[in-house]
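You will see chain A twice below: alongside chain B first, and alongside chain C after that.
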Partner chain A sequence: MKMLPLSVKNLTRKPGRTAALTLLTAFLALSVFGGSVVVLSLRAGLQSLEARLGADIILVPSEAQSKVSFQNMFLQGTTGAFYMDSSVQEKAMEVPGVEKVAPQTFLASLKADCCSIKIQVIGIDPARDFTVQPWIARSLTGELGDMDVAVGCKVEAEIGEIIRIYEQRCKVVARLEATGTGLDTAVYCNMNTMNTLLAAAEAKGISHKIASGDDSVISAVYVKVKDGVDIDRVNSALTGHLRKVTAVRTRSMITGVSDSLAGISRTVTVMIVVIWVLALIILLLVYLMIVRERAREFAVLRLVGASRSMLSRMALLESALCGLTGGIAGVALAAIGIFSFSALIESSLGLPYLTPAFSTMLALAAGAVLLSAAVSALASAFAARRLSRVNPGTALREGN
Partner chain B sequence: MRKTIVPGGVMLLLSLVISIGSVTFLGPCVHDDGSVGACWWAGRALLGLGCLLAVISALVLLSPRARFGAYLSGLAVCALGALTPGTLIALCRMSSMRCRAVMQPAMILLFAAAGLTSLTGALLCAKEERKGKE
Partner chain C sequence: MKLIADNISKTFFRDTASSNYFYAVSPLSLELSPGTVTVLMGRSGSGKTTLLNLLSGLLEPTEGKVFLDDTDLYSLNDGELSRLRNEKIGVIPQARSVVDTLTVMENILLPAALYGKPEAAEEVRQWMDTFEIAHLAGAMPRELSGGELRRVAIIRAIVQHPVFLFADEPTGDLDDENTEKVLSALRACAHEQHMAVLIVTHENDAVKYADRLLKMEKGQLSPKTN
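== the complex of A and B ==
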């Protein structure tokens, strides 16, 4: 007797029962795959944030003080424009323990320039930058020339396309790799381009001048501390040495994100465990009910010569088939939902979110499908044992 | 006969979600200053296509003679609908914005589901017609 065709026939003959079991296992696969992808994406986002920050300390004007809004610039891509005297970078270099500094200038585009929200434009000094430049270099082989811009992966602009910022024509020369952070929504240019854009913004009535009236302005200075030097001590020294400047330790930003991530990971894990325990109990109960329902069917099979082990294997195969089908359906549903709405998930969580590599996703999907099939077969093991031991005489008499 | 109507009912339901969604919970970006962007026009086009799909679904339910043709035209409308946000009509430039994060994926999925339903309906109609001839 061929086992597989018989099992498939048994399943298709009772579509309601099969659909219910498949749906239940689909739910299991959906929860484990969906939950794992979200947690892994958050972890990858945090690692990316750590790599992208690169600096130990960030100096910003005191007016920018609120660390939260500065953090939001990195995490959610909210725009921010604050300025300080460019001499801050030289003064910062005077502080013992500082290895190198890199200035950045921020400018928020006008709504009408590009789309319906403002885009953060970040001016960097390619020769000195050690935070953004290595990331740009991965997508751009040449120099970031004057009026050239590199766009984050969430800015929908093609390479070679001209985008207008404050009526200035800027050529897109690179699209950067995803970082899962707010940096993906920004546009990067060199300091000459930034000065042109600042002048254009000035002409439109958006002033970037600081109280001193100095035209040479920057928004932030990224500081790298020498190896072996206490970062907190340098941080305090910078705060004392520089007036109207706030020194923010990047570690404190990452710790905040890391704490949120740990909280979300815990919640997701608890939810997955609860769903699995509940589903497992339901599966066990369903299979126990099936024992009663199918006792006569198995009794007849025993009478026509099917061995106990054959019946047991058949019951296990049926449940594994249900688990496999449900697992594939659940993973497919989760994948459609997660990949289609990844931008929405990211903005709702407000944390760095970077989808893992395709190979990781494939391994996760295969794992979720196999786990669903295995759990389904395991839940039916007891029922399969009872069904295989059914007494044909008693079962057929009880049915009458 | 009854089997060929069921996909029409599902299509009607989906077309109502598309039509109502395109101006409410699945709509384009909302601007504080009342201005409209490219995505607003995509939203209007989706509203029109959703209404058209609803009319086609009604035709499926009400006219058995036009059923097969209505399913095929529904399929064409669904293909058009799935291509409208982002491909045929531009959306905002930032993928984190509402029109790209919510409207585009939701509408593509809804039109894909309606298209599959439409295809199923057309296949059922063709099967029934073949049976009738035999």
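== the complex of A and C ==
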């Protein structure tokens, strides 16, 4: 049975009807694919953020909260710096329940050669670090040497390139995987390099001195709590034990993000459901209208020997082809929109945003296309049944 | 091969004071054999088209059976009956009966295309020449007049090479010249291609082409006498 050529002719020679049906299903695919990608990107961003923070508690100078929102430094790549005595890490280790600590030192660059904007430079201690180091290790096999830097994926510098920070020449030895957070715009170096950069910044009049006058400064201490120990209790103990230091649970930082993400997920899901319900109702109405319009055509087909099942198959095939075409168009439009405006989406949402892997996107796209084709065919099922049962004699006479 | 209607009737719902149904076709028996032209005459509403639909497998009788040789048409499932209609029965309906999204040529070849049978394009062209619509092969139905559309339906039924050809008012939209051509062609189908042709009409022109004349009145069938 050759219903496909007949269906294709029916679709191509009724361009208005076909375009309307295709557009509706394109809208369905666009909403489900686009919505899913945005929600998945936000979830992946949150997971990435959790993995990158990698600590249970972060210690920052008490002044940090008034000076700069350190949450924004992590989530949106805001540059900024605050300093405290490096002895905080040893004092933190004295608190029962603390398993390990890792210091980090921040420095906001002026304008590096690599970038048209200020970038955040983060110094880590490779020997003690347990948060950034595993991430760097995926892109760099050796050590992060002196005057070597690893750059986030959004920093415009290639491996082997020399970038200048406060007139200091730093060699890019690794480009890091995307995290979907502000960390993607940062540059990482070891503490020796950071001390050199701090001295160079000092020479430019950007002081990092603290009240104690100690040159050995850090910006934050990442604390890992021993397994089975109550993190809140350790958090309280750290707050009590350390003066002029604020202990922040990383989960509380992420909770805000997580809540926002849940809200956005709900909104997107509701929007998708509303769009689908409306589009389904419109599709059903359109197909019911088509029953009347096509009764004569199906009567002729019955007259020349088409069986009911052939006619049902033909109607379902046509709607599935519309759905398939619409689905592909919808997914393509959504993909173009999402990839073209991902930076805008990310900045307007103000949340960690990490586009899913290509294989996941491909699976989502295939799912959206198949779903659109199936829904389109399903919406036409009733119409197909009615059309296949048309009585040729009656239909031809009524349409006469 | 014979088509035998055995005591068939068709009633339709119609709520009147005396009854809630009426006989469109009263119980009747009829036999159609290949090689003959049967002309069925009668006034509008006499039940001619209903009888044609009953005989062509398009409308199941309320009572009685229609046999094609030993096969009871209406005992077949829809797929079997549809295939049989495609292979053995050609119908030229009274109404406009083309698929609007197909060209004239595609409409004529539709019965063969449905079941993937070889297309008799050359034969179609000859018939189109005969009926003076060869220049319309690639045209869409909306570009054709009523008479041209009628000739398309006639060619479609003829090139289907059925054993039984049912024509419902086949000359309704045609001028005298084309009426002659169509009726001659239908007679040739019966006599040369050994088809059983049943022409339903209320026009007297068809009488001279008939091997057998029948009359229908108020659902009752009788041999026509002048």
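Here, the second predicted complex is superposed on the first by the 391 of 400 C-alpha atoms of A that agree within 3 Å, B and C clash if a C-alpha of one lies under 4 Å from a C-alpha of the other, contacts with A are read in each partner's own complex, and residues count from 1 in each chain.
Basically, a contact is a pair of C-beta atoms (placed from the backbone, for glycine too) under 8 Å apart; a residue touches a chain by one contact, two chains touch by 3 or more.
Every value quoted in this text rests on a predicted model; they were computed, and no experiment measured them.
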item: Clash or fit, chain B versus chain C on superposed chain A; value: fit
item: Touched partner set for A:G240, first chain B, second chain C, both or neither; value: neither
item: Partner chain(s) touched by A:P134 [first = chain B, second = chain C, both, neither]; value: neither
item: Which superposed partner A:M310 touches (first chain B, second chain C, both, neither); value: second
item: Superposed model, angle subtended at chain A by chain C and chain B (C-alpha, nearest 10 degrees); value: 70
item: Touch count on chain A, higher of chain B and chain C; value: C
item: Touched partner set for A:P96, first chain B, second chain C, both or neither; value: neither
item: Which of chain B and chain C A:I336 touches, first, second, both or neither; value: first
item: Touched partner set for A:G263, first chain B, second chain C, both or neither; value: neither
item: First, second, both or neither for A:P15, with chain B first and chain C second; value: neither
item: Chain B and chain C, minimum CA distance [Å, superposed model]; value: 19
item: Residues of chain A contacting chain B in one complex and chain C in the other; value: none
item: Chain A partner contacts - residues on chain B that touch it in the complex; value: 29, 31, 33, 35, 37-39, 91-97, 100-102, 105-106, 108-109
item: Chain A residues touching chain B - in the complex, by the definition given at the top; value: 77, 111-112, 114-117, 119, 153-157, 163, 184-185, 336, 340-341, 343-344, 346-347
item: Contacting residues of chain C [partner chain A, same complex]; value: 49-50, 53, 58-59, 78-79, 81-83, 85-87, 91, 93-102, 106, 110-111, 113-116, 140, 156, 160
item: Residues on chain A engaged by chain C in the complex (per definition of touch); value: 1-2, 5-6, 9-10, 13-14, 296-297, 299-310, 391-393, 396-397, 399-400
